[in-house]
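Below is one structure, written out as structure tokens; comments come after it.
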Amino acid sequence: MTQTEGHAPKVIAFLCNWCSYAGADLAGTSRIQYPPNIRIIRVMCSARVSPQFVLKAFLEGADGVLLSGCHIGDCHYLKGNLSARRKFASFVNLLQYVGIEPQRFQMSWVSASEGGKFADVVTKFVNELSGLGPQKKLVVGDRLDEIISSEVPS
Amino acid sequence: MTTTDPNELRNAIRALLESKKIRTFIGWEQGSNAFRSRPLFLRSPDEVGNEIFSPACTPCLVRMIIEDLRYPLDKPDDKRPLGIALRGCDDKGVIELIKDRRIKREEVMIVGVDCPGTVDWTKAKKLIKDRKISTDDIVNGRLIWKDRGIAIATPSGEISLEREKILMSKCLDCEGHTPRIYDVLIGKEDTKRIPAEPPKEVRELEARSPDEKYEFWDDVFSRCIRCYACRNICTYCHCEECAVDPTTLAIAADSIAADKANRPEWVGRDSTDSSNGFYLITRAYHGTGRCISCEECDRACPMRLPLRLLNRKVRKDAKELFDYDAGKSVEDKPLLSETCDNDPGDFIW
Amino acid sequence: MVMKALSQKFLPKARLQEFKGKLLELGELFAPVQEGDVAAIRRIESPGEIVDDFDQTQNNLRAVIEPQNEVILTFKDTLKPSLTEQLPAENKRIVLWCRPCDARALSPLDDNFDDALLPDPYYLRRRKSTTIIGLGCEKPFPFCFCGSVGGNPFSTDNLDVMMTRIKDGYIFEPLTKRGKDLEAQLASLFSEITVEQKDFLLEIQGKSRTLLPRTAPNPEMVHANLGKLFDSPLWKKWGDKCIGCGICTLLCPTCWCFDITDVETRGKGYRIRTWDSCQFPLFTLHTSGHNPRPTKASRVRQRVMHKYRYHPVNYAGRIACVGCGRCTELCPEDIDLIEILNDIMKAGEQQ
Amino acid sequence: MNKNPYLPDLATVVDVRQETGGDRSVRTLTVEFDDKEVASSFTYKPGQLAMLSVFGKGESMISITSSPTMGKALQFSVMRMGRVTSILHYLNKGEKIGVRGPYGNGFPVGEWKGKNLIFIGGGIGSAPLRSAYSYALHNRKDYADISIIYGARTSSDIVFRDELRAIAESGGAKVELSIDKPESDWDGFVGFVAMNVKRLAPKPDNAIVITCGPVMLIKTVIKELMDLHFKPSEIYTTLENKMKCGVGKCGRCNIGPVLVCKNGPVFTVEQIGQLPSDL
């Protein structure tokens, strides 16, 4: 892993509608600075996000995926974030087991009032990703390009 | 040695069919050679006789219950239960199907058998070569359990085979010879239950660096041909619709154009390592709390990929994170349908 | 029938590494590689990867000549697109140690792809630029039945060179001009074969046929019987056991079915061609929801009918089966092609 | 080497016409090839097919609705069904699709000279029929009586409604329209197409029937025609199956040994009778 200097990671962030999305909004309206690398996808609840979403993001070339929801006890749907926590506890292990760096997927609880925490989470996450360099392990476009470039006339 | 007497088994199946309590009995018949068997469907008492129970009975028959859900074995209005022969490992598959509410307990009539272990054809092939076993014995011989091992019975005598060199790896880690749930048990109940330890290979892999792990798995993923045999033979892959070919629900006679046009495309049909990785990781993840380590995926894989290492991992995590054993009891709730305030959460910021 | 070789040379074992290295210099080399318990034909980067003592490879020549992933074209933008055609390079390719049955399987593939009206450039570019070096089967494998479908363990059909393993080395027999050219390029490695070696070669060729473990019914009889068995209950009997995984077709050397789909990622589009299987329900599913082959029985029937009935009807009686036995050996439920053929014979006689 | 048969040529949508409404609505696209040479080398027969590409979504095999007698632009009537056809449906003028073809055998319009032609169709089955009857009307003197019997579920589901009305008025062909259920301002026949065929009882003498539509319609119409003593060799229909390559190679559209894309899509009822019932 050389060439990490100057790498601007692409991050997909799944934010729950009720807390983390509002937290991100607050960070914005409060003009708290955080890296502009994230592409936010608003979901109704952190439980809406399936591990497939994370894999799909990597497949399409994301360098990191962030999933953020309400703090435990604050879920708009009572148990959604508990369900997300349980789902991802084992998925995180599996991702690491197949060789995806643990830093590439992160979960956080950010409430609607935690604009500062949201900025901190994003900053810390993006910094870690910058250190890792681009994610090249699960990118389907790279593989299709390799098929094309393997057909070079000799 | 098995305590299941073949005549007793035969009589039990015949009695079930004669009583007309079941619509079809699913057992095994001798396959293409001494080491192989295939599912057998018996529908009337006079068909009884071709069934076998031997070390060649490797396929897990639970899959045939799932096949029957989509492609009915019998007339759809026949609501009688299916009869099925189950071993100490297969019953967990049935328990999971009941937990997932795909079938009800009373829809299967379970004939338990005492299975001391079945053969792995890939290993057998190697042994055949090393031991120079004759073609005639391979084709016409029959496997038997002998003392603690296995032998090929041939007209000219018995050839004993080393247990460690021929049994499925799950059998070497057997958790119990007879099923926990059954309606009839042919043989002696195995009361010892030894929970299997996750294989050393899983722990060794876990200890590697991300790049080393990826190197290992990328090699595996790149060799996958996406035949979906691991999914199609699996006891937990019983979904009506699969993430990798999501059409079953969208494409029906009455579905609207928009639903068909907008059905998700999770992964392309290319078999590049990335897309294969998506498929295999997704499938393994769906085994969390549901995979019973029957290792049928491993056996079915035509490229002989070590898929058990993925499934043993999720099984190990279910145990370590949530103290959960798939296939333990029909009373358990499915792992991911429940939550608990004390679930691990230290990976969350 | 064993074709008369143009010449026969001896490659001593001591020069095997050098031989592999030279082949690698001559073009893109594909050869068997050991992967865990099994072998597969792969693109070779260094001669050391090639395994000398291997069983039947899991994949076959099709993986080289009609690979599982092929990019047909790339495009940018969806509704005002610009297209770039992608074709395989016409580089020299060499396949080392292809089994004779797998090479025979190219004939039905040629039937399908090399038609006069619309030849398939993807297949043909690779087919025409590939030199195939076969390896005779002195000891056939447990599921082999090539002898029952017109082949034999030393068939030379579609091969450019036949190699045979003997004591201390290999016999190298060029069979075509391409093979002869290869011989000339590698001349320094070979020595003349001795009379004893020649006799030994004939002996193992003759013996190999007697070692074939399995026999299937006469394919012409199967073909004739199939004409009246479309509605036979035998298809449901085997369909019930099937799990629809498609191994029997994806790894069959005479199967060629493919799918064409679009992949869009990172703002770029790829039209790809990938292997497909008639055992998948989606293979024939109409968008209306109608499926002409909705049951496993109908799909098992399609596979057998295609190989033993439809292909011979369309292509001068050629059976699209070479008796490699992969469909049976690799089937997780042990659905035995020979047993199905036996059932066909039985059902045909009863009618 | 020949042209790559899998490579589509770009064509621009020059006109879009809404034919019917509803979830499975039909639109007719008129497209012109961007490359003049391609346009002049694309020659086709009525009843042939073309593979249309929506880049990023895939390809779909569609009947060519226009007749070669109508000029260089091609027309395709597309029912909104799935991924590709939904996009085809929402194309605007100036947007581009890929077209490759023409594929299939087409109707043997040359062999039909001097015969009475009876076109029987329903729903989107009128797409290939239109190609053939337009050809026959253009070469009107080559054929004897021409009649078109067409039905749809409701009056608003009638594809080419205005065109059919114009044909009837011009006297080029007799046009008999029907709908499945009564409507207040409908004065034509009400009932399924097969019932209309029974009522009209066309005569089999010197006649050729060309029928196309949903499977049930084809089946019931053929039964009526048999009762009216039409010969199976004089009834033509077009079949469809899922297709990917269009050139007889990908292996999925076969019915027995016959490939619908290459040996079809046009078959006589006699030919279909010889195929296994794999439909």
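A, B, C and D label the chains in the order they appear, each numbered from 1.
What we mean here is this: a residue touches a chain if its C-beta (ideal position, glycine included) is under 8 Å from a C-beta of that chain, and two chains touch if they have at least 3 such contacts.
Everything quoted here is computed from the prediction, not taken from an experiment.
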item: Number of steps on the shortest touching-chain route linking chain A and chain B; value: 1
item: Chain B-chain C separation of Cα centroids, rounded to whole Å; value: 30
item: Euclidean distance of C-alpha centroids - chain A vs chain D, Å; value: 50
item: Intercentroid distance (Cα basis), chain D paired with chain C, Å; value: 40
item: Separation of mean Cα positions, chain D and chain B [Å, integer]; value: 49
item: Residues within chain D bordering two or more other chains; value: 81-82, 85
item: For chain A, residues contacting two or more additional chains; value: 59, 140, 144, 147
item: Residues of chain C whose C-beta touches two or more other chains; value: 69, 87, 259, 261, 263, 272, 276, 285, 287-288, 290
item: Interchain pairs in contact, sorted by label; value: A-B, A-C, B-C, B-D, C-D
item: Residues of chain D that touch chain B when the two form their complex; value: 23-24, 80-83, 85-87
item: Contacting residues of chain A [partner chain C, same complex]; value: 59-61, 140-141, 144, 147-148, 151-154
item: Touching residues (chain side chain B, partner chain A) in the complex; value: 205-206, 210-218, 243, 266-268, 270, 272-275, 277-278, 281-282, 284-285, 288, 310, 313-314, 317-318, 321-322, 335-336, 338-341, 343-345, 347-349
item: In the complex, chain B residues that touch chain D; value: 251, 256-258, 260-261, 263
item: Residue ranges of chain C in contact with chain A within the complex; value: 27-28, 69-71, 74, 86-92, 263, 265-266, 268, 270, 272
